Amino acid sequence: MAVASRSAGASRAEVAVRGLERSFGHVRALRGIDFELGVGDCLAVFGPNGAGKTTLLRVLAGLLRPQRGQVLLGGVPMERADARHRRQVGFIAHYSLLYDGLTAAENLRFYARLYGIDEGASVAERALGSVGLGERASDLVGTFSRGMVQRLAIARALLHGPTVVLLDEPFSGLDQRAAATLRELLLRLRAERRTMVLVTHNIDEGLELATHVAIQVAGRFTEFGPLAGGLADYRARYAGATAARA
Amino acid sequence: MTPVESAERALRRAVPWIATSLALIAAVYVRALAFTPAEAAQGPAQKIFYVHVPSAWVAFLAFGIVGGVSLAYLLRKDPRLDLLAESAAEVGMVFTSVVLVTGPIWGKPIWGTWWTWDARLTLTLFLWFVVLAYLVLRGAVNEPERRARYAAVLGILGALLVPFIYASVYLFRTIHPMPVILRAGGPTLPGAMLATLLFSIAVFTLFFGVLLYYRYSLARLADARADAAAERRDA
Amino acid sequence: MHDLLRVTWAVAAKDVLLEFRSRTAFVSALVFTALVLAIFNFARDPTAVSARDLAPGILWITFTFAGMLGLNRAFALERENRALDGLLLSPASRTAVYLGKVLANLAFVGAVEAVALPLFALFFNVPVLPVLGPLVLVIALATLGFVAVGTLMSSMAVNTRLAELMLPVLLLPFLVPPVTSAVQMTAQLFAGRPFSEALGWLRLLVGYDVIFVAACILFFESTIEE
C-alpha cells in the first residue's frame, strides 16, 4: 500500500496533515507525515514504541506545535492557540485529565466552563448519564475504578461535541468489561460519523473500528490506506514493518 | 564543509584572539601597577579597582545580552540564539564572580571587614543569584526545546529585574547610609587613572567578546556533533 | 473579555476547592508560621533586640515562605492525570489560566496572612490596628507582586528535576524589590511614622507590580505551550 501523496492546493478533507515534522532536541519524533481523512473516517495507527504515534496525536490535538508542516481541519490550517479548532477536537488518552479531588459532576462542570458550554450543569448531567455514571455524580473521582475513570474521561472528551476524536491507547489498563464498554462507545462514535484517529497496540480492536489503517515506524508512515485485506494479512505486514526497523 | 568541520574551524579561529586579549590584560596590569599613580587615601589596594569596575561593566553587558537574545529566541525560535544566551550567561557568571571576589579584596585592607552591604556590591550579589538561577534552571530541564523556552523567559524577566534591584538597593542606602568603600570616582578621576580605567574597560570588553565567541563556538560544535551522531543512528 | 473572566474564575474556583478539600498546603503554611513565631520568641534575648525591630522582617519572611508552600502546589496539582493537558486542549485562553492560578494563589497566601498578622501583632506587641488601612494596602501590593512572579516560576519549576527546590532558587531574587519595599514600609508604619515618608518605596512597589504582572501575563504562554 502506497503512502498517500501530498495533495496540492486546499483540501476539503475533514483532517489533512502535510509534511509534519517535530523533533525533541536531536530525537526526530515525526519525520514527515502526510495523510487525509474524510468525515466519519476512522484511522487506526499501529507501530512500535518510540515511533512517534503519541507525538502525532498531540500535534493533531494542538498540544504540540510542529516544527514543519501543517494540520488542516475542515480545510482550515490549525495555527497555534486557535480556539475554534480546539472546539472541534476531543482527546482521550490512557490518563484521564481529571481531578481526583473533585466529584464527577464538578469535573464535567469545570470542563463545560472551560469550553464555554451554555447550561453546563445540565449538559454535564446528561453526559454522565450517557456513560452510565449518573448515580456517581457526587462522588470524588479518586474513588472510581479504572473503568469508571475511563468512562468519565470519555464523557469529558465529548462534552463539547467534537467532530474529530483522537484516542491515545484508550484500551490500556482496562479489564474485559471496561474494554467492552469502551468498544461500544467507540462504535457509537463511528455511527455518529465523527472522524477518529486511534493509536492502539490492540490490533484486533483497532481493525474492528477502523476504516483506514496506518503503520508508523520511526516517525514516518510506512503504510497508509483504507482498510482492506484480512486480519492475518495485517498482522504479517505489521510484523514485517516492525522487524525491519529492529 | 560539514557543520562539524565549520564549527571546529570557528573554534580554532578564536585562539589567537584569546592569546591577544590575555596579553592585553597583562598590559593593563603592568600599566595599573607600575605606571599609574596610587590613590591618596586608599593606597595600593585601590588598584584592584582597574579589575573590579571593568568586570562589573562586562557583567552588566552580559546580562543585557542574555535578555535581548532571550527575547529574540522567543520570537524566532532559532536554537542558535539559545546557545548564544547560554554562553553569555556562563561568561557573565565568571565576570560577576570576579566583581564579588575583588570587591572584598579591595575592601578588607581599607575597612577591615570582608563584606559590607555596599550598594554596588549588594546589587552585584543579587544579580549573581539571578544568573545562578538561570544556569541551575538550564541544568534542571532535560528536553532542549523546553529548556530554551524556560531559560529565555527567565532571561528576559531577569533583565527586567535589574533596574528594580538597583532602585531597591539605592533607595535603601539613602535611608540607611552605609560605608561606601568602593568609590569609583567618576569624572573627578585624575587623567592617568582615568586613562588606565578606560584602557582596562576596553580590554575587558574585548576579552568578554572573545570568550563569548569561544564558548558559543564550543556549544555549536557540541550541537553539530550530536546532530551528526543522531543522523548516523537514524540512517 | 467575558470568556476571559469566566475561565479565570472557573480555574480559580477549582483550585481553591481542591486546596480546601485537601488542606495540606494550608496546614503546612500555618505550622510554618507557628514555628517561626515560637523560634523568634524563645530564641532571642528580649533586652538586646526589641521585638518591634525584628517584627517587619520576620513577618515578611513568614509571608513569603508560607506563600511558597502554596505556590508549589499550584501547578503540582495539574500533574496528576496530566490535567494540565485538559486545560491546554480547551479553547480557554492561556492568560485566563494564568490569572485564575494567580487568583487562587492570592486567596491561599491571603488566608495565611490573615491568620499570621493578628498572631504577630499579639506576640510581637506591634501596633497593627492604628495603621491597619495602609498596612493592608502594603501587604496586598507586595503579595500581588510575588504571587504573580511566583505563579509563573512555579509553572516552570514543576517541570524540572528539582521541582520544589527549584521554586525558591528561581523566585528569591525576584522577591528583593517587593519584599524590601514591604519590610521598609511595614517598619515605618509600626514605628508610627507618617506614610508620606514611604512614598519612594510605594512607587517602587507599584512600578514592580505593573511591570511584572504585565510581563508574566505576556510570557506565561511561552512556559506552557509546546
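So that you can tell them apart, the chains are marked A, B and C in the order they are listed, and the count of residues begins at 1 in each.
The rule is short, and it goes like this: a residue touches a chain if its C-beta (ideal position, glycine included) is under 8 Å from a C-beta of that chain, and two chains touch if they have at least 3 such contacts.
This is a predicted model, so every value here is computed, not measured.
Chemist: Specify the chain with the shortest distance from its C-alpha centroid to the centroid of every protein C-alpha atom present.
Modeler: Minimum centroid-to-centroid distance belongs to C.
Chemist: Let me spell it out: compute each chain's centre from its C-alpha atoms, then which one is farthest from subunit C's centre?
Modeler: A
Chemist: Compute the distance, rounded to whole Å, between the mean C-alpha positions of subunit A and subunit B.
Modeler: Centre-to-centre distance between subunit A and subunit B: 49 Å.
Chemist: Report the inter-centroid distance (CA atoms only) between subunit B and subunit C in whole Å.
Modeler: 32
Chemist: With chain centres defined as C-alpha means, what is the inter-centre distance between subunit A and subunit C in Å?
Modeler: Distance between chain centres: 40 Å.
Chemist: Name the residues of subunit B that each touch 2 or more other chains.
Modeler: Touching at least two other chains: 145.
Chemist: Which residues belonging to subunit C are in contact with no fewer than two other chains?
Modeler: 226
Chemist: Scan subunit A for residues touching two or more other chains and write them down.
Modeler: If we look for residues of subunit A contacting two or more partner chains, we find none.
Chemist: Under the stated contact criterion, what part of subunit A meets subunit C in this complex?
Modeler: By the definition above, subunit A touches subunit C via 61-65, 80-81, 83-84, 86-87, 89, 91, 93, 95-102, 106, 110-111, 113-116, 156.
Chemist: Quick check on the complex: what are the subunit B residues that touch subunit A?
Modeler: The touching residues are 143-145, 226-227, 229-230, 234.
Chemist: If we count contacts the way the header does, which residues on subunit C are in touch with subunit B in the complex?
Modeler: Of all residues in subunit C, those touching subunit B are 149, 152, 156, 159-162, 166, 169-170, 172-174, 176-177, 180-181, 184, 200-201, 204, 207-208, 211-212, 215-216, 219, 222-223, 226.
Chemist: Within the complex, which stretch of subunit C touches subunit A?
Modeler: 3, 6-7, 10, 14, 17-18, 21-22, 77, 80-83, 85-94, 221, 225-226
Chemist: Can you list the subunit A residues touching subunit B in their complex?
Modeler: Spelled out, the residues of subunit A in touch with subunit B are 24-28, 218.
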